[in-house]
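Next, two complexes with subunit A in common: one pairs it with subunit B, the other with subunit C.
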Partner chain A sequence: MHLTLEFGGGLELLCQSTKIHSVDVKPKPGEDKLTMRDLLVWVESNLIKERPEMFMKGDSVRPGVLVLINDCDWELCGSLDTELEEKDNVVFISTLHGG
Partner chain B sequence: MEEGGATARPRRATGRLCSTCNQRKAALKRPKTLEQICRECFYSVFEDEIHNVIMDNNLFKPGERVAVAASGGKDSTVLAYVMSELNRRHNYGLDLFLLSVDEGITGYRDDSLETVKRNEIEYGLPLKVVSYKDLYGWTMDEIVKTIGLKNNCTFCGVFRRQALDRGAALLKADKLVTGHNADDIAETVLLNILRGDIARLSRCTFITTGEDGPIPRCKPFKYTYEKEIVMYAYFKKLDYFSTECIYSPNAYRGFAREFIKDLERMRPRAILDIIRSGENFRTATSTKMPEQGTCERCGYISSQKLCKACLLLEGLNRGLPKLGIGRARGTNGLNKRVEQRNLRSERTGSNIESKQCGTLDF
Partner chain C sequence: MDSKEIGSGSSGADLLREIERLRSEKEELESRIHLLEAQIKPRGAAEKDKSGSCSLSSLSCSQMNGATISGLSPEMIHRYSRHLLLPDFGVEGQLKLSKSSILVVGAGGLGSPVAMYLAACGVGCLGIVDSDIVELNNLHRQIIHTEAYVGQSKVKSAAFSCHAINSSVKLVEHREALQAVNALDIVSKYDIVVDATDNLPSRYMISDCCVLLDKPLVSGAALGLEGQLTVYNYNGGPCYRCLFPTPPPSAACQRCSDSGVLGVVPGVIGCLQALEAIKVASAVGEPLSGRMLLFDALSSRTRTVKIRGRSPACLICGENAAFTREKFQSFDYENFTQSPMSDKSSEKLNLIPESSRITGKEYNEIVNTGEPHVLVDVRPIHHFKIAAIPKSMNIPLSNLEDKLSTIDSALKQAAQDSGKCASLFVVCRRGNDSQRAVDYLSKNGFPSAKDIVGGLQSWSQDVDHTFPSY
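Now for the complex of A and B:
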């Protein structure tokens, strides 16, 4: 599944200062759907190069990291259980850096 | 987590509609109210709430010169934008400008100052920069070289507070506004409880402080959630700087911040409730409060002979960088308080207050 992932608010520093990543992510073997829960695991092991604790806490993003799917707050569309679709745009923004 | 709605694909339920206008697709869930609202309604309610806070608390008078403390970060960028917008829209009649402090942190502040300079042009607000080097003779880089990474945030915080006041005075400002948001204030309430700092605990929730001093400062974002500030900046594509301070990983605040964020996830109202708790604390009349005077050396408000900045500076210049770190020290006419404190500690068997804040661990 083709997705565009965007990191902001300082999170880009965890993935070699690249803000926008164009990626292909496959659902877990034996499943036909990709959820945000799966995507976070994929991001943590494939894109985050340092300080993963700034991005994840438990099986979700660290509190204070905002997530938007196609410019919509993920809290409105199911958070971890959101099913992703082809060409979705997912944005992660940290609120934890500076002010 | 979220109730999925009736349709099979919760997200693609052709968008839940905005609970305010009932026309457009909702774009975010407000932490304050849990309402789902669209971008346009969010902009209005976000700006209107800040306008109402400004009006209800009489933060400004027409004709005042107001310095917006600008770091280039998210809060102050949104503050500069919203203040300039509201000033125009509601005819506040304020003469606004940006005030930045250059701490002298290579790779951090020099970059963020570039952001402020772009804001200067975009929002049409003049910019004034004051530096630690000019004011104190030391850059933060030099301070860290001398004292290491312990307590460096104490130096930076104390120096910045005074630098903003001095900068504001230099600009002949009547008031200073800062971008402290609801999350920051809740965090400060907790920190002051953790440190047993009763004087600050009662002050930290005031929307305006220093009204008896030369430059009152106020916090129009006192009730504004950080999440909404960041969402606003994102949707409006405001240009802000978000590299963390290279010296901050040791900051004690980080622990309190994380705790607040955990609470927020479970119950977003927790942030407003902590602020409310802070507002309603009443200090027992038997509690001795430090008396407010002025610093013998620089004239800045201080409850001691020397203000904190002058004390820290003296430590640096005399090669005694621990001078002025922690509050319970006998170096600055504090003996009486230390004795009281020790008495109290003996009673409770805990001496947590006299520890340096940077060395406290959970």
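Now for the complex of A and C:
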């Protein structure tokens, strides 16, 4: 499944400062759907190069990270259980506090 | 045109104008009543801080003296004419703006354009709260301040600039930090709050306060080359805690004083915050509630995304929220977020024993006596390029693991040149990363490595005053 993943608000530092990643992710063997839960596991092992605790906590993202699927908060479409579709755009953004 | 003339005329158009005028007068009076009522409610507050009162009565009087059909004085019509010419904004928008009171929390990179635009556009009352003083390294982004005010209160400086732009706006200077103990008193005097702060605990505190007092909150943030903007607690929309019920780990909280910020980035977000505050105050357009604007300066992209609504389970604004004013005032926001209510205070790590540390002055002695040694600077390379101690060797902390052999050969070289054993010293910006480096080195073949206490900051203060601080 082709997906565009974006990292912002400092999370890009965890993946060698690259903000936009065009990726192909396959569902787990024996399954035909790819959920956000699966994608997080894939991202952690394939894109996150340092300090994984700055991205994940348990099986979800750490507090302070907003996840947007096609420009919409993942809380509005099922969070971890959201089923992804071909060409979806997923943004991981760390909330900023500076000023 | 005199209002009496209109009253005595009896043509349909004149009557309509008279009705319009009376309506606006009614609105004016209602707004004054509202403000007076608001002053009665938090009793002690208004009495304690007379200068901090945000009553618009004096302003209203001056408006009434020069009253025209529109309810705006001739001077106001002239000053705000380009607003009045906007069909979507017009007299009504300007009148509402002139009766609104807005509190800007933070007179920094975000607060600068916010305060300047809100003063320029003619809000009735503008409050600015901050306890900081102006520093030279603020001026690249905090454009409300000038060189003449370096070393003085940011609030004083900001009020001076705002007054210079528009002397008809009532300015209230709160030269103190907004904290849980004083926030209810201060915030209750205003209609709208703009969060232009630079730290996490303040953001939670301000949002909680706005929920308790039912004030819309225009929240902006900027760091590095990115910015974020949204409006909380507006018209049934979410509060900060609905989005972020649990604070992030403190290690994830980057600060402008550590990570840097391109000056114009908070400027862009601050301008947008002013815009949202104006929209809320004038009831024009759709404020950015339930949505968030993300700005990426490097790629020149903005995206506006849909965010969750108010959470029924929110501990502060949810259905069963039991958060009271008393609880708020005693809530420890710094402890809750594990981070300080300031962008500047730096952590003081105590990782390694005293015997593994030397002061800047002691290191200076070693240099002066020509004792053979190697100085490793573990800052990132872009820090090293700003300024460095002569002959120091840059190995960023993140690369240290791979560069042990480089250090080893440098030590051997120094020993060979002098015929004596060479010592190893480590320095960084403030003396924290250097301890982490020494801790690692001591466990990986360099047991006698020592770090310089307080890093280059102390070096600049105690030894070489010409060494630039940043």
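Everything below uses one rule, namely that the second predicted complex is superposed on the first by the 95 of 99 C-alpha atoms of A that agree within 3 Å, B and C clash if a C-alpha of one lies under 4 Å from a C-alpha of the other, contacts with A are read in each partner's own complex, and residues count from 1 in each chain.
In this section, contacts are C-beta pairs under 8 Å (C-beta built on N, C-alpha and C of every residue); 3 or more make two chains touch, one makes a residue touch a chain.
None of the values given here were measured: they were computed from a predicted structure.
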Once the two structures are overlaid on subunit A, check if subunit B and subunit C clash or fit side by side. clash
Which of the two partners, first being subunit B and second being subunit C, lies in contact with A:1: first, second, both, or neither? neither
Looking at the overlay, what does A:95 touch: subunit B (first), subunit C (second), both, or neither? both
Tell me the contact category for A:23 with respect to subunit B and subunit C: first, second, both or neither. neither
Check whether A:9 is in contact with subunit B, with subunit C, with both or with neither, and answer first, second, both or neither. both
Which partner does A:68 reach: the first (subunit B), the second (subunit C), both, or neither? both
Would you sort A:53 into first (subunit B), second (subunit C), both or neither based on which partner it touches? second
One more residue to check, A:78. First (subunit B), second (subunit C), both or neither? first
Which of the two partners, first being subunit B and second being subunit C, lies in contact with A:41: first, second, both, or neither? neither
Overlap of the subunit B and subunit C interfaces on subunit A comprises residues 8-10, 62-64, 66, 68, 71-73, 75-76, 91, 93-99
Which residues of subunit C touch subunit A in their complex? 106, 108-111, 196-200, 203, 220-224, 226-228, 243-249, 251-256, 259, 261, 266, 269, 292, 294, 296, 299, 303-308, 343, 398
Listed in rising order, the residues of subunit A that touch subunit C in the complex are 8-10, 19, 50, 53-54, 62-66, 68, 71-73, 75-76, 91, 93-99
Please give the residue numbers of subunit B that touch subunit A in the complex, ascending. 1-2, 4, 9-12, 15-16, 25-29, 36, 71, 73-76, 112, 179-181, 183-184, 226-227, 229-231, 234-235, 241-245, 257-258, 261-262, 264-265
The residues of subunit A that touch subunit B in their complex are 8-10, 13, 62-64, 66, 68-69, 71-73, 75-83, 85, 91, 93-99
